[in-house]
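Below are structures written as structure tokens.
Common to both upcoming complexes is chain A, partnered first by chain B, then by chain C.
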Partner chain A sequence: MNGFAEMIIKTEDIIVKTIARILIPFIQLFSLYVIMHGHYSPGGGFQGGVIMGASLVLLFLTHGYEESKERMSEKAAILFSSTGVLIYSGIGLLCLLLLGNYLDYGRLSLILNVDLAHARSLGILGVEIGVGFAVMAVMFSIFLDISTGGIEPGEEKKNEKASTR
Partner chain B sequence: MMLTDQAPALIVVIPLMCALLTPIIGLVKKELCHIWVLFALALSTAFAVSVLLAVISHGPVHYYMGGWMPPWGIEYVIDHLNALMLVLVTGTALVVAFYSPKSIERELPDKLTYFYTVFLLQVTGFLGIVITGDVFNLYVFLEVASLAGYALIAAGEEGAPLASFRYLILGTIGACFYLIGAGYLYIVTGSLNMADLAAALPELYHSKVILVAFAFFMVGIALKMALFPLHMWLPDAYTKAPSVASALIAPLMTKIAVYIMLRIMFTVFRPSFSFEILPVSTIMVVTGIAAILVGAVMALAQIDFKRMLCYIIVAEVGYMVGGIGLANETAIKGAILHVLNDVVMTLGLFAVAGIITYVKKSHNLSDFQGAFKKMPFTMAAFTVIGLSVIGVPPTCGFFSKWYLIQGSVIAGNWYFVAALLFSSLINIVLFFRILEIGYYDQGDHGNQEKGAGRKFTEAPVSMLVPALFIAVLIILIGFYNQPIILGIIQHSVPTL
Partner chain C sequence: MEVTLLIQATDDAFQVMEKAKMQAVGILDTATRLTSETRTIQERKLKAIFKGAHESQSGFLNFVATFAILIIFWAVLSGKFDAFHMTLGILCSLVIAWLSHDLLFANVRIGDIRVIVQRFLIYIPWHLYQIFLSNFHVAYLALSPRMPIQPEIIRFKTKLESDISWVAFANSITLTPGTVTVDIEGNEFVVHALSKKVADDLNAGEMEDRIAHIFMEADHIYIQDVLDVSRIFSALK
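And now, the complex of A and B:
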């Protein structure tokens, strides 16, 4: 138990860390590429979000809890997963406020100043971005919850110390 | 004007968006979550009532998601049946939300924010199932509701995660069967829209694919409904769930499954198919009778109050399924009225169970000792609800049972009549046993020092008011059952 807690707090393998450091930016770039293609061609918010989430999981595995917390804390994951779906439903609601039906993207042409087909395409892109956010954050927080057992490693350590005393 | 046009979307979208904002509000201030949930559900209820009124005065409402026309886009269709269900779901959720804070404070103090988030998602799922006119969309919302339900149940007392896991396995099989049914229909017709399917299917009624699809639908829904041989997951799950979660899920989940069954049997397929081509009607009546008998007898064997209520639910599911299976208008009318009554009664019973859990920290029958003295108002409400479950005339439970008995007499099915009467007799024993414990059993070791303090341990007002409200509602529905039947239920019975 203690060893595992140590491991997810800090890892010190230089080869693993360096390779991950090189790979992660490219994985993330690729995930953005997948998300941006979601509404037109193979790809999409879900797939892109999963890839983005995987890059964060890799960061967590190689650099440990402390360092990955600086990039993406648990609170940030909550915030991202909520905002992601809010972007989705917010776009739907915006269409509704523009006197269309819920998720009637065509209505967005009124504020985006583009033609109807283009407005639909942009509307779906917005939704895909929202989905991407949500999936990325949820993937990461599921991983975090399972690997730390729902307790922050720091806290667990404190508790253990308290109990041994 | 414009807002009421958009009401069908808003009924579902408001709880959804508010659910997603709840964690953010929880980060700011935990205490606000409760008010926020109340606000969301009040809005949603208002829209549901406005839609119900619109349906009563102008007939069914159609809403096209994203402005795409039906066979391609997702359509929300609201007729009399689901307008009633929408009001029931939002109303129940609102009452439970009002009832919740004290109970959650005691049972789940550190999970408050997430509990309310999942609570709203659960309501979103229920509303989506009820409102949609698309078989696949229904599946999606079924999963939303079920997943939220698993999470809520798993947050309960000791053993809840295991109960929730069993429910998860069986619930997933049920949803999976439903999905296979929808898939088969899609393969042969190329459509998922209920109205479109209803138009395309009659020519294919003798195709094997359709028959298999129908069988998958029925078994899948029966699993979700906890119909007798498939009810094993229910008692554990609802007994061990937190009080608030069981007060929300227990009244609604089974009844919504009954609603899905009605939709599949009478909207997607025609009653003639459901009743004549396949022997569904016989199977439904037989399993209904079995559910009533087993539910009643098992309820009698319980010493845990919540568990007893769970077996009562199993029996009540038998009433409704059997009533539909009798295949005549009176019985189906009775079954639909019983959906309404049962939601209200089960909500009341689980509200009382929550109060007992709150006061005594456990929910056994022995916890009712001296209850009439200590919490007279709770027990008054409980008595009314109990009388309604038994089926005593001025309360609403009597009228649906009356219709069901009348329907089974018309169908000439005396076994079902016997089962209903038997179950009523058992219910008398069940509830009078508790009333007796409450009146005469004062606890065995000298707890009743004369005039000693702490005599009054009535539940907090926020929990008591909903319970009393439900008791009043039960009597009101009893008195106004005719307007409800003529105005709403009459129109949702298929022409046979």
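And now, the complex of A and C:
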């Protein structure tokens, strides 16, 4: 079995690589736009998160694992996915603590010091940010797991040692 | 007896001369080595200073330029200019600029961005005119009853240096009717040309010259280049 780094084969096509390099910041900003305007227009946390995850997948496919591991790693993906779920459930539980139902955003007006409609809007925004985080990280880690056969970066050395013994 | 003495004296003289020669060679060697060492050290120091300054400067400039471009992109997408949405936009652009400022402007040198953008904008009308001309040529090829096409694959080495200029050149070739960039192998372009005239136009290299002029590459220094760059360097000083 090859090393972890060689499993994601990067493209040698300079055109694809350069265009991807230039487009990735715009794709990422577009994903954040989709998340932030989810309560006005089509889109929302899931869609934005998928676009963000796709931009990372594009980066890894075009630039390879070694060059892009500083931007996003397996550990960061785990951290982000659990942070996203924490934001989501945290807002839901906050509404419970404020004597409302789970995810009853109207209750947030008590602590945010704004009127009811505004509190609902802000609550939805917060939940969408959480969903976006979780989806982005999970999309990325699914890609990494599929393309590397589920081996974590540290593990491949252990495997090599075991095979040499 | 005297002859023996004479021979011995000559031998001694020769030995002394040999020693002196060896010493002189040794001294010269040391001198050369020292000079070259000091020179490499100085060069390395200069390079390090230049590189460090270059990196920090261009890193910050890249960040600012990426942020400016992204905030414009956000404004175009969003269309809402109230304080809440603009704050969100600034935050998002900052985050993305921080994450990927080295992606958008990789391989761009100090202060070049303005010059490149300016020259690129001047290049676009010329390229549109070329597309216009080639359109007529391809229409003539398609409409004439004999259909005088001579399709061929041409390969040529390019003098361009950076990936962005290769991509600009390849896409310019593809956008011009009659020619399609098939591949870039190393620094060799593989281009499919529809007729002899189109291939000759490409081999004449005017488009490549203009691309090299935009990105200031391949020893393509005009007087205008020096004037443009000197202004920026004096501003940096």
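Throughout what follows, the second predicted complex is superposed on the first by the 139 of 165 C-alpha atoms of A that agree within 3 Å, B and C clash if a C-alpha of one lies under 4 Å from a C-alpha of the other, contacts with A are read in each partner's own complex, and residues count from 1 in each chain.
Rule of thumb we're sticking to: a residue touches a chain if its C-beta (ideal position, glycine included) is under 8 Å from a C-beta of that chain, and two chains touch if they have at least 3 such contacts.
From a predicted model like this one, the values you see are computed outputs, not experimental measurements.
In the superposed model, A:36 lies in contact with chain C only, and not with chain B. Within the superposed three-chain model, A:86 lies in touch with chain B and out of touch with chain C [touch as defined at top]. When both complexes are overlaid on chain A, the residue A:101 reaches chain B alone and has no touch with chain C.
When the shared chain is aligned, no partner comes close enough to touch A:73: not chain B, not chain C. In the superposition on chain A, contact of A:15 is made with chain C only, not with chain B. Shared contact residues of chain A, touching chain B in one structure and chain C in the other, are absent. The residues of chain A lying in touch with chain B in their complex are 75, 78-79, 82, 85-86, 89-90, 92-93, 95-96, 99-106.
Residues 66, 70, 73-74, 77-78, 80, 85, 88, 92-93, 95-97, 99-101, 103-104, 106, 163-164, 166-167, 170-171, 181, 183-184 of chain C are the ones touching chain A in the complex. Residues 2, 6, 9-10, 13, 16-17, 20-21, 23-24, 27, 63-67 of chain B are the ones touching chain A in the complex.
Taken together, the chain A residues at the contact with chain C in this complex read 13-15, 17-19, 21-22, 24-26, 28-30, 32-33, 36-37, 40, 59, 71.
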